Amino acid sequence: MTNRDRIAGILTPNLTPVDGLGRVDEDRLRGYVDWLIEQGVDGLYPNGSTGEFIRFTAEERRRIVQIVVDQVRGRVPVLAGAAEANARETIAACDAYGAMGVHAVAIVAPYYYRLSPEGVYAYFREIADTVTVDVTLYNIPLFASPIDVETVRRLAFDCPRVIGIKDSSGDLPNMMRMIAAIRPQRPDFSFLTGWDAALVPMLVAGADGGTNATSGVVPELTGAIYQAVQEKRIDDAIELQYQLLPLFDAMISTGEFPEGFRAGARARGWEMGSGRQPTSKSQQANLANSQAEIQRLVAQVTGGMPSRPEDADPISEIVQRVLQQLG
Amino acid sequence: MTNRDRIAGILTPNLTPVDGLGRVDEDRLRGYVDWLIEQGVDGLYPNGSTGEFIRFTAEERRRIVQIVVDQVRGRVPVLAGAAEANARETIAACDAYGAMGVHAVAIVAPYYYRLSPEGVYAYFREIADTVTVDVTLYNIPLFASPIDVETVRRLAFDCPRVIGIKDSSGDLPNMMRMIAAIRPQRPDFSFLTGWDAALVPMLVAGADGGTNATSGVVPELTGAIYQAVQEKRIDDAIELQYQLLPLFDAMISTGEFPEGFRAGARARGWEMGSGRQPTSKSQQANLANSQAEIQRLVAQVTGGMPSRPEDADPISEIVQRVLQQLG
Amino acid sequence: MTNRDRIAGILTPNLTPVDGLGRVDEDRLRGYVDWLIEQGVDGLYPNGSTGEFIRFTAEERRRIVQIVVDQVRGRVPVLAGAAEANARETIAACDAYGAMGVHAVAIVAPYYYRLSPEGVYAYFREIADTVTVDVTLYNIPLFASPIDVETVRRLAFDCPRVIGIKDSSGDLPNMMRMIAAIRPQRPDFSFLTGWDAALVPMLVAGADGGTNATSGVVPELTGAIYQAVQEKRIDDAIELQYQLLPLFDAMISTGEFPEGFRAGARARGWEMGSGRQPTSKSQQANLANSQAEIQRLVAQVTGGMPSRPEDADPISEIVQRVLQQLG
Amino acid sequence: MTNRDRIAGILTPNLTPVDGLGRVDEDRLRGYVDWLIEQGVDGLYPNGSTGEFIRFTAEERRRIVQIVVDQVRGRVPVLAGAAEANARETIAACDAYGAMGVHAVAIVAPYYYRLSPEGVYAYFREIADTVTVDVTLYNIPLFASPIDVETVRRLAFDCPRVIGIKDSSGDLPNMMRMIAAIRPQRPDFSFLTGWDAALVPMLVAGADGGTNATSGVVPELTGAIYQAVQEKRIDDAIELQYQLLPLFDAMISTGEFPEGFRAGARARGWEMGSGRQPTSKSQQANLANSQAEIQRLVAQVTGGMPSRPEDADPISEIVQRVLQQLG
């Protein structure tokens, strides 16, 4: 296996639209998936943190993956979040998603309890030794048990089914330590970053791509960043990162996560519903204020076009505009 | 309503026994519930952190509560952990548990995502305004979004259904701040501590009781502690706390939580099965070593009797033994 | 040696008054020391965190201790903060303070760098093996390298010169772990708490006393607390603790530490000057607002008398007032 | 003023050699300064964290700066660490260093106490409004009060004397936020990173250089990194960063900081003495073990030459070797 096979590029951990009754809005989800693919994202990642997997039931999570796989129709790989209540339920979900045709599953480390590295290893090992689908690890120490470098290395060497890691820690030297420890023996192992604020540095340091919530709002921009790094236009890439950062900061600090990203999608014309986490009156007022600011930032990056897949070449257009501004 | 109605005493957040196939072991659970009540615990708390609620499915959680309520037969109050994937599911579980006859439900703050105080308030507010059963808040900042003093105060004043808090932070001054802020207006509001290492100081400071994992292992000792504080025998209570602390420390630091408490229960003759979190070979070896040490500490506290409900008066016996030792 | 010799009671880590030119105000310091002793404090602790040792020069620190020792004239023990730039300078300060006649020195663990337990041990070991004065350890993990239980135990057993610890962590179970580990072999070893918010629980758990910044503002109240615990009037003690807590909270959260305690002393008629840490206009405005609130809280506790050593028996008066209020 | 005037490149926060009696070893310091300049470092930074400023007395700190300035003789700029006990002492040190001819001083935020952003602002503002030398801020949140982005912005805009920041947080997005907030209005303001593990990403993101402890051990390598980024050879730069990382990791995790860097200097033939922090027997044994590993890593990077300023062009040689290895 060669590095050709690695998962790479920018995958979108997509928001999950709900309707007025709080149910998964299938039509909206299908439309959004189409739009993302048309905008050039390199993959879909349903049931991630951005997709609020934990706020849906086990049945809903399966339906979400089914809809996404069905709508994608093989145009891009699907990486399906598969964490369930325990190892056995997670294994069952993995196999179900494998049968649906996902490229791989992504499994967050156990959350609520904070497990030791040995416990994290044992959890992933049991899953990886049993499932019939490829697995990517998902490290998000802010929300779940951390997966340290040594544990990633052990899993990469002991488990052929483990083919990559999505790391949302934002710890750049740690990304380099993982790449240095694993890539020589596992050239097929994929390193993806989930911390959009450091996307360019991570790619420059050797990451294969990212699963970035901002790509669900400004897929042209994250796509342009990836393309610039691929083409060794590092100065361009950094300039684009400087465009992405304030938008990311605004969205991540708005209300409860992922409320700010819902506001971002709304700015592109995608109404995702009001979310399942109850909000107080004062939160709703704050959110309304933030909406305007996010709208402004999105417009600044995209040129104000809410949702225009027909644009000839949005990426090069953005690069032009950025370069003009920064002259 | 007077303070007579407050939930008080030591409630056991009970372990959930599973059989060799990993299924809830109903017979064992019934036997364990009987034993705990015979040992004098003041209530049961199924589906707490010690009960590993998050590692069971929604259906299993309901069955666990059903079994406990059925077996308890009103002898002591049942406080049922009711957190589910989202507010709507949690409300449904609350109402189901209410219909089963629980005294109240306990709801942990949203976990995985870390919510702001306003988000925590909105979540509990929506639930408390809807359910048909009394609610206790469950604050465990190590694992879930923290519930700060001001949020507890707002919920206590705005929501008649919210009748207490279980606080596992171990922050004693914060417990006092909560009591000072709430008790004058809500004399019926119950303050329970979940941090066994500070049980006596919390009771001395005015807490009504505790939901303590150690009470599932040495219910005589936690009962003796509560009784001593009630009878103003503070020196006795502190001496007993000095007995409890090393056992608590040993159990909390053994393997992944609540593995050490399973070892403690095993030392009393209650085999709870091997848990749902996979364990590595090295973890299993460590656990075997810890078992002996926990066994020794349990025997030291209980006089070596694994499981003897027929003991005439275990509490005063323990007090005697402790006092002799510390003479 | 018996426990009679232990440092005990409430020692005041005194503020350091400065004049309009920022110099140590000797006359004010002498007057304040007299007042504190008249109010019944059990010892003085110059050059603690409250005394802002780190904002004075090495020469100033020596002069501060000299003034305090001279003014105290043996009426109460003096515990002199002796931390300097490195082990050698600290040893020289210790010996100088010993020659001045202090009861013991207190040495904070190395700060700025965070040392390992082994490094903390080596630092204190070298000092304790060299100095000609008794040493108390000062654990304040918020500001300096933590001194863990095992390190305290090793130092207590290896170093006869180490005769106690002031612990400002506020971690009550840890205080109990230290007492359990050390007291049997070192009955002369003193355990003092520096976390006023948990003073009563710490004393109830076996601590010998406290070095509490609030005792520099309301020495009658902290004295009454200590007396109540000594006399086993735990309910009284807790009621007094409920009086102390909001005042402590207000002072600790006002401006930069120890600005709020300066405000408290001001409320008692002791103007300590404006401190050496520069303050912005907005900070000064906030401080003025807080002054009124602190004044109110101090008056509530003391009955509004700013500085009246001639009061016949302030302690029993306070206890009466508190009991009336809480009826 | 234009960006030409910015402090840039790799400055060495130099270790402070001491002799067998623990005194500053002037001859060794002079020789080390010469070697560093010959190896191409772009500046010296005495009395930084690596130089253990806090473990020397005020008099020693002045002498250290005097020696360095004297030995440098204007060949490279000197950035002198100037933090003292309080604002007044710090101002005096700043002016003394200015008179000695340093390019600028570097002032760490207040440590021990953790100040609020407003307190940090007031501290630097008072200093910057008074001194007669240029000032760089030093942000090292691990050891001292953090200087947040907004505070840096305010100081940059309000204080012409503040001409840069050394940021050792390692937070790459934060570096970008600072650059975006300040550079447009203050093109002369310099951004230096102190977190060697992310040197290349920081430079790529727009930082002007670094003050890096590793440059005191492998100045050829850090110089090669800086040169590669300047010449837009990003792939080369990243490959060199992959060489630097394990050496940095080994030195930072050896004993108490900066013991591992002393071991690194020793590997280059520079014996810095045994440091002022006492070490236990077990620490000394560990250090001896680490010395061999650090020696191996240094040799791997430098080709085994301990201290060879006469090398024609060490930088391009290293680049060649790295490229061969990674071919």
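We just call them A, B, C and D in the order they show up, numbering each chain from 1.
One rule holds in what follows: a contact is a pair of C-beta atoms (placed from the backbone, for glycine too) under 8 Å apart; a residue touches a chain by one contact, two chains touch by 3 or more.
Just so it is clear, the model here is predicted, and its values are computed rather than measured.
If you compare B-C with C-D, the chain pair joined by more contacting C-beta pairs is C-D.
Note: the chain lying farthest from chain D is B, by mean C-alpha position.
Each chain gets a centre from the mean of its Cα atoms; for chain A and chain C, those two points are 51 Å apart. If each chain is reduced to the centroid of its CA atoms, chain C and chain D end up 37 Å from each other. Looking at chain C, no residue sits in touch with two or more other chains.
Residue ranges of chain A in contact with chain B, taken from their complex: 22, 49, 54-58, 85-89, 110-116, 118-119, 121-123, 125-126, 142-144, 255-257, 276-280, 282-283.
Looking at the complex, you find that chain A touches chain D at residues 170, 172-173, 176-177, 180, 197-198, 200-201, 204-206, 232, 234-235, 238, 241-242, 245-246, 249.
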